[in-house]
């Protein structure tokens, strides 16, 4: 976390740029996104719907829809560029080294096959088991790890409750002992109590298995609860990134600050919730300057013309905002 | 709904439908003008006594549905009809002077041979082609498959039969009529089978082409929908190759609508059989209907309709049962 | 925000005013119409179908001016006139009665189209109302209708049509009515399932919460959303009706006083056109049927796409084009 | 305040708007084919199982609970969209429980109602009809994507309630009222929105249109079912502030149904917590947050994430999920998951007690703070 790691990061994403080519025009979904993920680290990727966070994650696994194009950047996993691999090598990386927990596990399971079979499938295809029978003990072990009795593996997804399906999804994601797990809105559709159970489970597994987790969510408070480091995205670009404490107690980007004010905080219920007026930018018709400028209270002439680049203004604290050019960060404490 | 419940419900439903068909059949031939027994008994040229005697002989003096005048509630034309049916008595053909049941019995095997072969071929080809077209969505292959299917669907069955008959007999020397070569002595069963097969070739081909179009279109749209489901993305994220995804995840799920379609299409199949048998003089139930229409052989028409309707209902039930086996959401709630 | 797992829908973006909001309702209607036309125009197959159908309708309407001969009056027929090969006098040859095939073909379009449109109108009315009542009102009547539809769905159409037409006698109107009243089940089934799912939608619940009654909801919320489906289905039912009419006629159950394409084929088939090699008498009317039916099918297919646009692609597509960055081997500048 | 028959109502303060007593709603489960044949006794989902509460005029109250606790069923029953099996609902002192079945009042009565609204003339107490009730109680639904007819323009949607109630008047009057409702809901200038269709609006705008459609009838009670849970965080506050505003400016009472205790804390006066078809705790928002009486409320509060990593605390995570309300547990319905359950809890269903003034709970162990 705060101490500088000597080894290269586990995952090093540099200048990731992804676009969608559609009849309605080119959507600049992700532009020049860079971040690192250390071993055993939990990184929160936060932003509102359509900010490009899911697209960025799907780009890493090269699972974009057909209109999606990765037009630039690198994603180095232990030094290997994922974007340089051919398709069959990429298949070997998926799930074995980077796996993904999808939102709405309801639809992430095939309805006509048993949950156990779908977990075993991953093991068999990655050569970790010869056949379904050989995979069985591992499937039972995985299910029990997430608190589901092994016998329920022979049931179908529709026989599971929402929370159980999400647990089973986590079990499936861990099947091949990946180094990186990307959890894309893992608790969005769930009740608060089930959400707490799932988050606790994720935290425990991350600690015990030494996983590196990227938690994609729109919910800042979830990130505050479970992540080490946070990356805030807005309109396809990085807005701010730093350790979790910095984001919440010393937010620098105007967007981060506004977003925090929009969140209910039970520790200070006397405050008033504030919304951010305006709309997120249309990704096929971007403003020439900063993408947040049309909604920003502290907007300057420069913001409307020039796009701010991410800069490290404090140790480990990156901001893409003209207000925080190097050295200008000391106006806030 | 438990599976047992589902099966019982479907079975009870089929029985009800058959009852409805029986009653419909009875009323069609009693109420619509044209039935000779009814018209004879009403012929004004006969004197009243003869008419009464004739009516009594055909049981037309009795009430139509329920006997409320006395002599037992069920002493009516309807129940007499049902009683005769229950004893396997479908009446006597005007044309052949033989029991209708007997004539139908001789011919039904030929129709089943034709329908089964055509259906099987159409299903296999339709499913395969549909899968391929959906997978290669919006490519020239897909467009070609759609145009072929729509055209095949638009062809009148009998006309396609005539075309194939002309082409087959002119260029390939295939037989054009009947089930086997008339007056031929077969050296072996094998030789006979080959001869029947040659006769079967063109009718089956006609049948297959006509059915193929719809199966392909439904399979295509069904696979398209499934390939857009979230669980396909999960499978891809798990590192499965395209072929593996198609085999393990798309095929079984896409078969569900096909099973329903096959059931719904049985009526269409029967219609096709009548036309194909007429064109190729294939000695089945279809050509029997054609002859009965030309010679106004009403008992045969009535019997054939009843047998066809009951077989379709039975086949529908079978399809429902297969559906119950394929879809786990019915198997285990 | 919970839709993040559906990237194929493309990132959702806010829709700030486009100026469209200022338009008058009439202008917006025109805009909507234009967008449907545009969507429809993108589908070339649909345009081809529309053109095919338009040509057939034109021919049927203008038959007396197009047809070279009057199909009713037969002049003196010699043996040479029977099944005469196509020639300058008879572009498509003559039939078994020595009559001009082209003229019969032109007039036959009228029968096919009249039967197709009239029968499908009946089917649409019955099927649409049964489907709406069964799907939307539910209850005892709706349930009964649903069951009845299920029964009629199973009973094979053509044998039943043959039986009825054989007994009531083959007149054009009888054929139209029989095809019409037996062809509604498909429409009813589709409309029913659509109405069933629509009535569970939240905007219907909202209308109920406002205090709206069933009729209001049906008129304002269900019918407008079911209508495109009914229209699309009707176009497909037209093609089905035309096929059924031709089949009945081919089997000898056509109206003897009018000459339809199916009837032409019936005569040619039963009166030795095959053995004489008079292919023109067989091919021409058949092509007529295929022309009209295919036109309707292509049109119906296109309408379906226009009203209910399918996804452009699915998860197994686009793999090969996904990495589109310029080659930058070993580029490391961070 | 007294009821229509002059009897004293269980009121607190002068302005009780809505009184719910012992409300029950069960949904019989389908018995299946064999079950029907053998006449197996019908089982039922006890969606709401005896809830009672009061809502004051001009008050915003939250009904909080997890999915399956019966909160949405409560809303639909209050709206008369479902008929209660037991209990009574009194609106403005009048029993409206079974209005859904009653015949409509003659036009004259409706006309009289139009002239004299309840708010201005509390002494006037005509017999309510369902249609009248629908005018005064309006609902806002969870999913703004779903609660608008995709084919209808904003004008059509907002004007619809007026048409249904025969209040449309001339085209100009109608346009004027729709325009005013849109402006009240924060969509201005209204002209920009009138002819748009839902797909041309953002999520927040859609929810505002839904609210405008509810406001156009000038209701006195708004039932909001998860009004912001489908919206982006950055615009949630504007919808919540709008509801708060309506209360302040128009005196509209709001019953907000939500799973999100955190959001509820910000803009409600009172909170009622539901578990398995029953209210287990209710009280002023500040009191419930500061001193939750029921262990279920405590657990819910503890698992709400707080956007401040310095305040990470021990979460009190209940095991398992909310049970299926077909077979309710004996004794206290929360005891199988309760961290402080005693033997008594498995035996006796705890009574509803007022532990501190206006702050009540149904728990044997509930004690006043301090």
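The letters A, B, C and D name the chains in turn, as written, and every chain counts its residues from 1.
Going forward, contacts are C-beta pairs under 8 Å (C-beta built on N, C-alpha and C of every residue); 3 or more make two chains touch, one makes a residue touch a chain.
Everything quoted here is computed from the prediction, not taken from an experiment.
Under the touch definition stated at the top, subunit C and subunit D share these contacting partners: A, B. Using CA-based centroids throughout, the chain positioned farthest away from subunit D is B. By number of C-beta pairs in contact, the leading pair of chains is B-C. Chain centres here are Cα means. That of subunit B falls 23 Å from that of subunit C. With centres defined as mean CA coordinates, subunit C is found 48 Å away from subunit A. Chain centres here are Cα means. That of subunit A falls 55 Å from that of subunit B. With touch defined as above, residues shared between interfaces to two or more other chains in subunit A number as follows: 48-49, 63, 102, 104, 107-108, 218, 279. The set of subunit B residues that touch two or more partner chains comprises 229-230, 233, 236. Shared interface positions of subunit D, defined as residues touching 2 or more other chains, are 202, 232-233.
Taken pairwise by the contact criterion, the protein chains are fully connected, each one touching every other.
Residues 5-6, 8, 45, 150-151, 153-160, 162-164, 166-169, 239, 243, 246-247, 250-253, 262, 265, 269, 274, 279, 282-283, 286, 289-290, 293-294, 297-298, 301, 310-317, 319 of subunit C are the ones that touch subunit B when the two sit in their complex. Those residues of subunit C that touch subunit D in the complex are listed here as 1-2, 14-15, 17-18, 20-25, 28, 201-203, 205-213, 216, 220-221, 224-225.
Chain contact summary for the complex, subunit C toward subunit A: residues 1-5, 7-8, 10-16, 312-315, 317-326, 331-332, 334. Looking at the complex, you find that subunit B touches subunit A at residues 229-231, 233-241, 244, 248-249, 252-253, 256, 326-329, 332-333. In the complex of the two chains, the subunit B residues touching subunit D come out as 1-2, 4-5, 8-9, 12.
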